[in-house]
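As structure tokens, here come the structures.
Next come two complexes, and both contain chain A; in the first it sits with chain B, in the second with chain C.
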Partner chain A sequence: MLTLTCPHCGVQADETELSAGGEAHLKRFGPGSSEEELEGYLFARENPKGPHFERWRHAYGCGKWFLAARDTATNQVFGTYPASEAQPADTLRDLVTASRPGWMWRDFGGEA
Partner chain B sequence: MSTRLSRGGRLIDRTRPLRFTFDGHRYQGFAGDTLASALLANGQMLVGRSFKYHRPRGLVASGHEEPNGLVNLGAGERMEPNHRATVTPLRDGLTALSQNRFPNLDLDVGAVNDTLLARFIPAGFYYKTFMWPRAFWKHVYEPFIRRSAGLGRVPEGRDPDTYEHFNVHVDVLIAGGGVAGLAAALAAARSGKRVLVLEQNGWWGGRAVIDDPEIDGTPAGYWIDQAVRTLEALPNVRLRLNTQVSGVHDHGYVLACEHLAENGGPRQRLWRIRAGRVVAANGAIERPIAFAGNDVPGVMLASAMRDYLVNWGVSVGDRVVVVTNNDDAYRTALALHRAGLIVPVIVDARSRPDGELVRQARDLGLRIEAGRGIAKVTGRRSVTGVKLCALAGEGAAIEEIPCDAVAMSGGWTPSVHLWSHCGGGLTWDDARAMFLPDPRRAPRGPDGQAFVHPAGSVEGELRTGAVIASGARAGAAALGEEAPATVSAHDAEEGPLLPVWVMPQGAKTALKRKMWLDFQNDVKVSDVELAAREGFQSVEHTKRYTTLGMATDQGKTSNLNGLAVLSSALHVPIPQVGTTTFRPPYTPITFGTLAGVARESLFQPVRRTAIHEWHQRHGATWEPVGLWRRPFAYLRPGEDVHAAVTREVLAVRNGVGLLDASTLGKIVVKGPDAGRFLDMMYTGVMSTLPIGKCRYGIMCSENGFLIDDGVVIRLSEDTWLCHTTTGGADRIHAHMEDWLQTEWHQWKVYTANLTEEWTQIAVAGPRAREVLAKLGGIDLSREALPFMTFVEGQLGGFDARVHRISFSGELSYEVAVPANQGLALWEALMQAGAEWGITPYGTEAMHVLRAEKGYIMIGEETDGTVIPQDLGLGWAISKKKADYLGKRAQERSFMSSPDRWKLVGLESLDKSVLPEGAYVIGQGRNANGQRNTEGRVTSTYFSPTFDRGIAMAIIEKGPERMGQVVQVSNRAGQPIAARIVDPVLYDKSGEKLNG
Partner chain C sequence: MADVVTMAEPLGMISLRGDHDGERLRSAVTSLTGTAFPERLRIEGTSERGLAWMSPDELLIFVPRQEAGAAVARLSGDLEGVHHLVADVSDMRVCLRIDGPGAREVLAKLTPADLHPEAFGPGVFRRSRLGQFAAGFWLEGQGARVICFRSVADYALALLRQSAADGAVGYF
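Right, the complex of A and B next:
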């Protein structure tokens, strides 16, 4: 059972307090978008063995959504941040790079 | 024959005899006995029958790894199946029954499986035997499988015992209270951090108390006592016996099960532990050796035989042959010899055994047969002797030696499950023939650091000095510290072991058919080899195909032998075959323990409206909707549900009815951007809704599918109130918050789920206006309060918001008041409506009324694949809006296909009620030979208004096919003919809505 620290209220929350919300940093495509864009938005998801960015809600706590950078293979948590942030901060990316040199996730990845 | 010796037994109190029964026979044991030791003390070697072949089974082990000694413990509602006799403390009056035998243990008719059918129940027999002919399924195969599947019996009645949970946070959890665990605890405790030590058995020290090495210049027992005393005195250390760590989960979450003494309190306690670090000091398990007849009662693990002798003063036999591939088993030979029992021979697979213990045995004059093996154990229900052979040969008997028990040792297997539950990798140590934790592939905590530290024999250490050093190292490492100076220990020097996976090495199939790997599931060497020949290469597949290591046992004694045999059959090295996945729990945990106090009313809260008690008093039968309880119908004396629903429907149609609609979700959306936000959430336009007006709204997912509906009202310039379905309130509120927080987080909008703040009562029927008018205070006329408007004010003294909305097709008002006024309003309405026979109605009448009117219901007409356009709700979708959730997805070609199944009404020609969920049968057959379908029934009821069955359905091109007759499938018989009609059956013009 994972623990994640909610960046809004600071609580180190058990997984039972949280609800998972799938992949983070999806860009919404609405009317006027192409079929390919819509398909990518609705269905195409990363499935990494390694660093992943995902949405969580502190559902039985403060109720806020946040994002987490977690290694799917080892469950190492590199950091959590508010869902309103469009991208992971450079400091967080550096943390991931330090543990997983050469990582890639969608558009953003680390230096080899 | 097994018996109690006149001396010895460090755990038993001979002054306190206890009575118990096994299979109805009366026996006596002592306080401190386990059920297993007490049975052995009474000469009861036979404890069960094996799973497939019903072969006689005796005890093999002395602890949690016991595969055979499973009993039904207790009786009636307290009966518990699959209890391991070896870890069941004896108590006065205990009753136990053996399992998997019929009619009794001594005479078992299933044993025909062994003598006649054994050849026909090979590996994978389920898959091979029960395939055909098809007709055999019902009368031959299924009864056979049902009778033979599973061990033990299901308890009768409700469990009267109680269970509880502990929630604990610690810095270091130490699993295992042997010398490794105690050394780890001493090392970790120095820091002052919180340390918890859990030991599955009822004593500290693990195997050291049996073998009694010298530690720190003192006997092991003395050192252990001192260590426990030191730890008990520390405020940061907690110690618990009889508590087994059952599983290690992500990020240091650990479950452990504590067995409590019987004193009227809870029976078991589940420890839910969040540990910073876990020290796995949970020991190793001895392996059997695969020789023919190794399952005959009386063949036992060498260490277990030593345990029975030292702990409980029980000898398993008078003449015990020891068979081994290592030095440790000599401890058993020496202990038996010193206890005055006869060890006619030690059969050692190694050609030149020469350790300290071997020399001791030799000096005592014990006969050692080196380079030999056991060709066969003779005897069926008990051992009568063994036939010796050369290890290297095919098993030609050299000599037969009479004996009544065999002590076997194939070496030790570290219990690495706690390391591996969270993915800890293993590495094969060829010299020690062990899978050991690979420190490079440790389970990781959130910080990326290893959080499980193996200690003692889990790390492969078997000699006391190394075990203690390993424990101290692990305890210190758990806190990132250096290991303390270690204490000295002395035990015998040991020579290397010789891996022996099959004995003798050149055995042919006939012998291998009698060599058991998994005693509990009846898997033999021949089964694993057969699986390999049939192409099973993965150890995971072989496990499932042969059932090796399955069920309650999980292969504690059998896994390594099994995969070694597989490796040899596949001609690949053992590490390449690998191990099966280790999954918690380590030994079975009862459901009661997992549930704890969360049972009955504490399992799930029940949500009650303010009028709940009134409903209860007036004959309500309940329908669970989410956590809510809603009245399904109000039964009057002598009425059944059908009669009650009919009465309630007709009352609404002809007079007036009252519905408790409080459970409908009520979400307030407020803020400068609330209108803009709601325009995205709903398919229609909500920003233009005038204050005081109501509008029906539907919500879709981004995939375009209909997810909820309800009436939205505008309370003020920046405030809307959104009604949702009863089951949808929490989900829709979360849905709104998701979009607000993550996509439009710059928009200024607040939402609040105020469902429980208000009681909402629907007053529906031609007399509704008159009833409300009688309460007075608000002008409810057609002109003052038109359809789809609301007004706030004092209604008969209540702080009311009155909506002119209808879900029944009748003139209808929904009155919302603060919840604390709800019951009083309900009662006032009942009184005011008495002269028109006002009738409370439940959810079933509500369903019938809305179906007669063709109103859709989320969850009935929708199933996650239905879009609003399918249900004729195009009018509720804005054509002008640039965007709303689901708009783009609804533009996909298949969403606008003319072939989609669309909403219609269905009338059976014979007026019967169509089956719920039935398919409308189409033309021809699909690629699988199944009949094509062209629609399905979504709602179907008996309509009291029309005195016939009515239904709603979605049918391919349905609205274009009005009047056509289709065939509706019917599991009970022939398809039913039904005509496609307008879904709106009642008051098509809508005049009744105005009263």
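Right, the complex of A and C next:
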């Protein structure tokens, strides 16, 4: 069972109160971009065993979107933050690095 | 003695979206209900006349049903020029009453929310899930109140009555 703290209302929300929104921090490539970029935007997804960044919506609560960093293998939650943040905060990355040295996720890596 | 679950009298409910830190918005709603402005996850006043915190930019305002139309007009006037959205949503949701000493347990059996007295005391307004439907609930009077969408009212009533009939677990 997964419990995430919604950064908007502060509720420790059970997984069943949330709806999953797929991978976080996707950059949209629309008209004018190359076919490779569009294909990557539409289809290329991370599938890590380890730290992962995801979108979640507090669907049964305040209804707001937020982002969460968790380990896909252990369900350890490193932190949550509002969906308005374009990148995870350095403090959050440090938390991931502390327990998963050498982790990589797209452009975010934990250089120890 | 089992708790009694009934459909409450129709309430006047108004949805207001806007900046909660805005001075004019705060004074407009508090002067309307005569209560304080609710903190995060809290309700001020009662379902008769009160203010519930729905999300960081949304309030649910309770007024007597016959005053809802006038209250919307008054808020629209008071907030002219302020970015906001106000709507009479009295027909969107229903309110259910749970009367009895075990109201907390009736709810706790159906929701993943923490309803321990330390986390869910008087004045706390929690939106979560009861069984399969989305609901908001809080303690009021000699029991609790639940609001949910009107489309699931029959299911909500049956589910809460079953939970009440099953009796308390005795956890709290």
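To be clear about the criterion, the second predicted complex is superposed on the first by the 111 of 112 C-alpha atoms of A that agree within 3 Å, B and C clash if a C-alpha of one lies under 4 Å from a C-alpha of the other, contacts with A are read in each partner's own complex, and residues count from 1 in each chain.
To be clear about the criterion, contacts are C-beta pairs under 8 Å (C-beta built on N, C-alpha and C of every residue); 3 or more make two chains touch, one makes a residue touch a chain.
Note that the coordinates shown come from a computational prediction; the quantities given were computed from them, not determined experimentally.
**Student:** In the superposed arrangement, does A:L2 touch chain B (first), chain C (second), both or neither?
**Tutor:** A:L2 contacts chain B only, not chain C.
**Student:** Answer with first, second, both or neither: which of chain B and chain C does A:M104 touch in the superposed model?
**Tutor:** Neither chain B nor chain C is touched by A:M104.
**Student:** On chain A, which partner's contacts cover more residues, chain B's or chain C's?
**Tutor:** Ranking chain B and chain C by residues of chain A touched puts B first.
**Student:** Please work out whether A:V11 is in contact with chain B alone, chain C alone, both, or neither, and reply first, second, both or neither.
**Tutor:** Touch status of A:V11: second partner only.
**Student:** Just chain B (first), just chain C (second), both, or neither: which does A:C62 touch?
**Tutor:** Touch partner of A:C62: chain C, not chain B.
**Student:** Mind sorting out which residues of chain A both chain B and chain C touch, each in its own complex?
**Tutor:** Chain A residues touching both partners: 14, 59, 63-64.
**Student:** What does chain C use to touch chain A in their complex?
**Tutor:** Touching chain A from chain C are residues 40-41, 54-56, 58, 112-114, 126-129, 134.
**Student:** Under the stated contact criterion, what part of chain B meets chain A in this complex?
**Tutor:** Interface residues on the chain B side: 249-251, 253, 274, 422-423, 444-448, 702-703, 734, 737-738, 741-743, 745, 882-883, 887-889, 891-892.
**Student:** In the complex, go through chain A and note every residue touching chain B.
**Tutor:** Counting only chain A, the residues touching chain B are 1-4, 14-15, 19, 21, 28-33, 35, 38, 41-42, 55, 57, 59, 63-65, 71, 73-77, 83-84, 99.
**Student:** In the complex formed with chain C, which residues of chain A make contact?
**Tutor:** For chain A paired with chain C, touching residues are 8-14, 16-17, 59-64.
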